[in-house]
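Naming follows writing order (A, B, C, D, E and F), and every chain is counted from residue 1.
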Amino acid sequence: MYSTTVRDHMMIAHSLRGETFGPAQRLHGATFVVDATFRRRELDDDGVVVDIGRAAQVLGEVLAGLSYRNLDDEPALAGLNTTTEVLARHVADALAARVSAGALGEGARNLAGIAVTLHESHIASAGYELTLEPTGRAGGEGEE
Amino acid sequence: MYSTTVRDHMMIAHSLRGETFGPAQRLHGATFVVDATFRRRELDDDGVVVDIGRAAQVLGEVLAGLSYRNLDDEPALAGLNTTTEVLARHVADALAARVSAGALGEGARNLAGIAVTLHESHIASAGYELTLEPTGRAGGEGEE
Amino acid sequence: MYSTTVRDHMMIAHSLRGETFGPAQRLHGATFVVDATFRRRELDDDGVVVDIGRAAQVLGEVLAGLSYRNLDDEPALAGLNTTTEVLARHVADALAARVSAGALGEGARNLAGIAVTLHESHIASAGYELTLEPTGRAGGEGEE
Amino acid sequence: MYSTTVRDHMMIAHSLRGETFGPAQRLHGATFVVDATFRRRELDDDGVVVDIGRAAQVLGEVLAGLSYRNLDDEPALAGLNTTTEVLARHVADALAARVSAGALGEGARNLAGIAVTLHESHIASAGYELTLEPTGRAGGEGEE
Amino acid sequence: MYSTTVRDHMMIAHSLRGETFGPAQRLHGATFVVDATFRRRELDDDGVVVDIGRAAQVLGEVLAGLSYRNLDDEPALAGLNTTTEVLARHVADALAARVSAGALGEGARNLAGIAVTLHESHIASAGYELTLEPTGRAGGEGEE
Amino acid sequence: MYSTTVRDHMMIAHSLRGETFGPAQRLHGATFVVDATFRRRELDDDGVVVDIGRAAQVLGEVLAGLSYRNLDDEPALAGLNTTTEVLARHVADALAARVSAGALGEGARNLAGIAVTLHESHIASAGYELTLEPTGRAGGEGEE
């Protein structure tokens, strides 16, 4: 299995709901350094998993939709507790949707999976990994 | 699959048995920067894999039982060659036991697995990964 | 010259005032990974610049006063544009005040300087460095 | 599953073929910081996945065959588009061949897999992962 | 003293002249991860050393003039042995020239100095640091 | 001012004397990831601060004299409390002595200074910096 990873970041404000979060229930914020990994069983004709330039651009676009914002006020995230895990899935799903829409080219529809890790500090991170069917759609229960 | 990772460290002395270890057969020591990753297929009601504060606390407790010690003299490790791999498993098993005992809450009993990586320098690390059964007990031969 | 550095972090929300900040004028947030460096010409009788445990504790206390907060609402920062540079100085000054008050012990009053760096992402950081007079008070114009 | 990872690097010149590479079609170069991970289900009698000293040596030998070279002129890579993904596989296959030849000892023939990651900058990396049959030969279609 | 640092990178091919360079006399290449630090005694009216967005843009422009190139063929570097040290100075001088030309705004003409570090691998880096006169011109012999 | 930095590491056992060290008074150990920086006002005829290969070799030799040892039993360190700060100076002084003896070549006798940083974990480090007289000898009280 091959993989390609690109890194970018976003800076957001939010608050978390639930006693378990202690002081993080207050409005605060985070820098998330985001690693997006694209997996594929065989390389395309250029010898790559995805065009790394396009991958970086697509990741940047997804993060631009969240960055420099108070996530508590974002309609797209309404009703979600925006934990690092939830945001990792949000980013992974958004990347999968763009792959499915062809934003990474036709070849990228053969991706086997996408993994997203959000580093919230030097001592904590969270991630979400999804498998993709040959057509580039996110797998249902088959996700590992 | 979701994951949450917390980082901590321990500083220990030990010696390794076997000619393959060369100068590391002498009493020496190491800082192990430890990444503990908890995996889970679905998030709990708070939207997390585990309460990250509890996870950090439990990892700290496990490492406190080893840190600032000469592992050659630790009864809990008697008979073990305390290589980085062996210590990674020791930490992973200790975390799994605490999960099973409820130290990370009832929800954590649904964890799918735990992975532990010990970074012994900027150029070397070792790890151990175990799968957990739905009840939170470490899998037998089913471990991957 | 000797130095000792400890690392911790804080997670805050804030907004920045001024057109130069573009989208960062909106309420957003950041994780600041903070390195605090203490400098001294000679070591104390224990052979250290400062007691590293105390240094970590004092840094943690200073950051706890800012973390998990919306800095736009903090009285202690009223009127300040809480840029990374301004926060670096705020942390350095707070550390210097605690040194002067004896929080790091009598020996620490001989510190030559304190430097604080705030890493706001994997590609950006800012810092502030101050010199200390023999009595442990922050230097006036003599700061380098 | 246990794993052991060693890190080394190589510095090469090359050019990439295909319009998708834009300016990287010109002769340029890269430092690849290389992580080689060896996986095994059970430890050997010494309590390790592989002799880490030998592993580092074998990785160094493989990289020495590429480093300080213009890959466009290397007969061993003739006809290949030397993308980061292709080089990751080249390194992984070379490590597997050496494992199969006994360079890491008899025990290493029980390795379950090898993963190689090439970090080409602070924001991009690529990798290749192969499974090994009990005899230490690279798996055919069974590779994951 | 305040400082602000931005990070970017360039990927180049080159060869080094002189027996001391051993195999690096051959055409090879490198990724240089570049940290550019801007220093200033007092912050500007916005509370920053420099507009970090502009600083990142200017650093990117300077590196774009070198990246994805064979430095042996670059007229701007003709006659230079393009060691990491020499390139660090080249980047620092180019940044200073742009500061002097106003690319970072009028306030940046008050910068006290610029430091550039080029990380060529995980185990080696080189840097160059220059002082700036109040007018923003690089100091002569007064550089520290 | 130019600088060149090389990184290596050592793994040692030791105990620290003094109540301030708490549990670190017990025999334990550490990995020190060591950065050695060489500074010089002008480059040599090859365009470097020092021959980086030689610098790495000399640092490796100095660390080999400490690594895989129990420092409590090392005659060369008898009577010293081997804190991170004390070891940083020990390494810096050993490097300066080798520079003075010509191990880095005649040109290296013009070095302006040497700085050594020992990273003992992901959250703590200590360093020592010395100035060198034109002849390559460590400065007396003039050290900064």
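Keep this in mind: a residue touches a chain if its C-beta (ideal position, glycine included) is under 8 Å from a C-beta of that chain, and two chains touch if they have at least 3 such contacts.
Please read these numbers as outputs of a predicted model, since none were measured by experiment.
Hopping across touching chains, the smallest step count from chain B to chain C is 2.
Two copies of one chain, chain C and chain E, form a contact in which under half of the residue numbers belong to both partners.
Centroid distances from chain C, each centroid being the mean of CA atoms, peak for D. Once the centre of each chain is set as its mean CA position, chain C and chain F turn out to be 27 Å apart.
Measuring from the averaged C-alpha position of chain C to that of chain D gives a distance of 42 Å. A separation of 32 Å divides the Cα centre of chain A from that of chain C. For chain C, the set of residues touching two or more other chains reads 7, 122-123. Interface residues of chain E facing chain D in the complex, by the touch rule stated above, are 7, 9, 11-14, 23-24, 26-33, 67-70, 120-123.
Contact residues on chain D toward chain B in their complex (touch as defined above): 1-8, 43, 45-49, 51-53, 56.
Chain F meets chain C in the complex at residues 17-18, 20-22, 80-86, 88-89, 117, 122-129, 143-144.
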